[in-house]
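What follows is a pair of complexes built around chain A, which joins chain B in one and chain C in the other.
And then the complex of A and B:
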């Protein structure tokens, strides 16, 4: 294989002039729309329609307050889905998300006392611990070549029982003021969490779309062998992806602890399926190699908006689980390549 | 002399490597027999077999799916759902045998639906069954609004848990019967060969005239059916249909199948191995309990064993 494609020939970018002519030659209106853009617009559009339509459900919904609540509740999911999205991008799956959210929350409340000023150095330390657990998953996936969902399931069990053992069943303590401020304070009338999520969205999409690391992830997800041949350090990139995902989950746990001013051992349980669903609704290929963080954020907001409407309708909690599972399956069915081909044909008409 | 001893040594090494999980299993059992008080007794053995019956039954079905190169994460929630449906049917005074058959049919259909989604629509199986997991755990909760449904039917309890026949309790009989049926189906029937062919190399199997989609759908149906049988057994054990009966069981089941030497990548595996794996997990849990270790340490060890077993069983 390497003889057929001498190194350099495969990795060398096409000359600028040639790319220019390609762009000029293919100037149909829809050819410029990437599938990611279409999904992002669709998902945000549906979310807005849902929020506006929810006025018919209850007069309390559909207001600016409702939008604020949705963003506050979606913020946890957005942070978790960032990590899940990176792992799905490289063709993996992170099932240890609930355990790491719990660990992040439990460590925050039990190590950082609400009154002491030690919170600033301890927060990165806790994130580092979470990242190390993600690193163990990454090592299992890369070195031992264990399928990602089995490996992360196993590290998930270990982490969850470690959290159980650490707290001996009853997590204590309260969240440090800096985290409660992040979730509840507002700055010149704008909630801090809204600003934080905006910054997180920009940073996350820059990391995924504009940095060399993000492009390496896309390359690995599209074809790991080709990525290796092209000189990408596949193993370390994959390892870092699992570490980032674990740290993101841990941070979501801290945010949850700040929001509820305390931690429980089951606080992460409700985030596994939504995190995968948000990524899938955002149009990322579940097999890896394509996706955008902005569309994933849209997916997270759509799911959260839906669940606020469901709880306003008084539908029991069990149905939420049913609906989430169905959404994953339906989204997987709808968001396949041929659906995009169909959409493009429609838009071109 | 060297030339004759080398193949011997190599084959001994091969045997050791292929059966490494059994070696570890024997070593750990021996440790418990020597160091755990009152561990080596008939009553312990029958208690362990009864406890592991549920995981064994599910592992037999899961073996078919995993040898096909797929995975079924929904077995735990299908078991909860089946237990609920069974309890509700009995509550409507449906005869025990009819209720059991209806529930088994429902389980098989749930599995078949997963199979169709995986094969015809080409969605990865861990996602389909993860979706199914959430759908059926949600349905099991909502069907009665999270209330458990008690079972008063003696026929049902005797059939699935409390009864005994020839001095052995019902759950042990179920394990034996299902192991025999599973063994016959996987190792003696043409269907079993097709399962191995599908998991070993799906493209080659398809070119040899095996309808791989049908084989996989049937494997998922078997897994769904064994999951619902396990759900009935769980319901009979606690004499109630409880929406969270089977929660988290999929982990034990997958661990049992992998410890039993079945390759997670498809194409290799055996029914007896999966049952041995399930019994191993039971012995481990029981032994750690007898030694006085907390459940959180047990879970850590279980997780570590899954990782070790998968990385050792590489072919």
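And then the complex of A and C:
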């Protein structure tokens, strides 16, 4: 202690500290389950029950094919909700999601000729354009202090109008083979999209939970003032979050184009509220600072499974939406952390 | 004293927040027409007493009587209706209102059809302003456009206007330039039979206005003294109490040659009026100050949260202009902020993540966080502050305030900074935690680190500091070294009494 030693330096671990760690690791097992884990298990559990139960609605449901359809349909939402989740994590909200989905799809079909070999360099280029538009939202939020709600709505409107102008109202062209393959091909009997979503889930979770950037995002969402005081580069982290969200939406647009083999100007419209709902059903706080991507994926799958089952019920569209909305509301109320805390207290007694 | 019941009487009033007792069995009698002072150090319970009397908070136990009738206000408005009005230290005027609205709400003057009439309201307000000699304030001006001094006058005028029975003035001269204005008005208020409770740090003012004072210490009323019989020294002694220190006082002395870790040369801006100080390597320099003497701004300027307009900051001999806390950390300055909840903790993250966050890039490899390495680093950091490693995996929000504070101190030390800036590091923590924090600070200094320590508790400074600087009026007013760091001397300096009488006079004149 008396030798010249930087006062609080992060130096190589001493053997004594090593033993300390082992003791800590032991204690970890006694620490309680993380709420994010409970939420993820619940959401996936409910989804599985829903799919199994749907056999009673129609014999065509509840099968492996039904599961594949759900994953395929949910894949767009999962990609969008990844970006939305990051923005919600830092206490923002991205309303430009539909416009960027559309832009991603429209640029893909109009720039990449289905027969040309240019798709490999052009796909990253289109994603970069989307990210730059997200960067504009991010700059507005950080530098100009415009509320995220307003700023992303504005960039969304501008982007949607630009897509309209670019296409003169009628998007042309078809999707490149690489994207149609992503959505429709199989590899040794397993749909490629399933593998893709698995990989995406792993990468997304690692980014959010296991990188220093993800850690900073959580900290900023939990307490932006403290994050600044603690020496975190708040502005650049927030800026990158908006760029990631825009790129994710753009990519979802490409996937949609590959799925439908074409783009429309309204292709993103149905994804705004579900992207927020998936994040929130997955247990993330709408105010930021908590959440896990795995649970968000569960939320997206639950929402998609629900809509496939309800559409098989054969009820009129209006009532379908009423039922869907009510179920989402109930899920949100039940999946709150308070409910878990309450249950834990009851069980502990 | 008259035979009639006192104007305001408080009997055995107690208020506690969780485990901390802010006010314990405090009793107070206020006669009609009397100006009664309440004296005490920071945290002695003065503000809590004001809040209870003015209806902001309710006491846990005890009783209050107003002219003999039970007085239990449940809001400021309710208290005002009963005839008790308060001018608060943190001015309570909403910035988006006009002067007239601030004065008259919620009873605005009505015109045709029962609608609020801005004209009638402004006229009524102008009358009030005239009565309190505030003719230079326009009733239709926005509060936000007023200077701090004008806002304080308005706050006082409003309280006087509504104080039919009792007027409470909490640090009324903090932003006032013309003290005579206040004194004249207080005298005419008491002449009308209103009782005044006068809370101030400034003993000279208190002596001018009051005959009787109640001294609070650690939430208890320690004495009610006649001011004509008590000398300043007697009163300071009552405020501070006999100290039970003598243990663990540091006795380092630093040679002039010892290198300075931190130097400030005439730093001005963000309220600071030219602060010059230095902290040597291995030295703990204490900052003592009453509320609002520039200590917040001093620390915030050092980490780039406030901007200095002129002057020089040297860290380890190199000039630095801190642009942000991140920049300050990189330069070797680590800051423990004042408000744990607001500026410190990330409630949704684990304690381990909270501790390592500022240096997360150092303990991650190519951007990835390895939980084992993170926990390991956090465990090492928490050893220094005696934080039980059991807590590292808990969400920090589930920890007690004391353990949260230990974690934040561990965070500040773990950045590898050679200079710690600690702003009131033991605010609201229990005795055991205090000891652990003291030990950690001392160990840090023993290893050659430098510490700039502001504390609202003087015992802390007398115990820890090698040197103690008193901030008064946003500049360094006095310096005490070694044995001379002694509470009574500090208290005198805090209120602008220098050991050098000529300096006191200059300060009083300024």
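By our rule, the second predicted complex is superposed on the first by the 292 of 349 C-alpha atoms of A that agree within 3 Å, B and C clash if a C-alpha of one lies under 4 Å from a C-alpha of the other, contacts with A are read in each partner's own complex, and residues count from 1 in each chain.
The rule is simple: contacts are C-beta pairs under 8 Å (C-beta built on N, C-alpha and C of every residue); 3 or more make two chains touch, one makes a residue touch a chain.
All values reported here derive from a predicted model rather than from experimental measurement.
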Item to complete: Once the structures are superposed on A, label A:55 by its partner contacts, choosing first (chain B), second (chain C), both or neither.
Response: neither
Item to complete: Could you tell me if A:329 is touching chain B, chain C, both of them or neither one (first, second, both, neither)?
Response: first
Practice prompt. Look at A:287 in the shared chain and tell me whether it touches chain B only, chain C only, both, or neither; answer first, second, both or neither.
Written response: first
Practice prompt. Look at A:140 in the shared chain and tell me whether it touches chain B only, chain C only, both, or neither; answer first, second, both or neither.
Written response: first
Worksheet item: Touching A:172 in the superposition: chain B (first), chain C (second), both, neither?
Response: neither
Practice prompt. Could you tell me if A:320 is touching chain B, chain C, both of them or neither one (first, second, both, neither)?
Written response: first
Worksheet item: Once bound in the complex, which stretches of chain C touch chain A?
Response: 303, 305, 324-326, 328-330, 334-335, 337, 342-349, 353, 357-364, 367-369, 371-372, 375-377, 379-381, 383-384, 389-390, 392-394, 411-418, 420, 443-444, 446-449
Item to complete: Show which residues of chain A lie in contact with chain B when the two form their complex.
Response: 93, 140, 144-147, 149-151, 153-158, 160-162, 164-165, 273, 276, 280, 286-287, 316-326, 328-329, 332-333
Worksheet, complete the sentence: chain B residues touching chain A in their complex are 71, 117, 121, 123-124, 126-128, 130-135, 137-142, 145-146, 243, 251, 254, 258, 264-265, 294-300, 302-304, 306-307, 310-311, 314
Worksheet, complete the sentence: As the complex stands, chain A meets chain C at residues 1-2, 4-10, 13, 17-18, 20-21, 23-25, 27-28, 31, 206, 210-216, 218-219, 221-223, 225-233, 285, 289-290
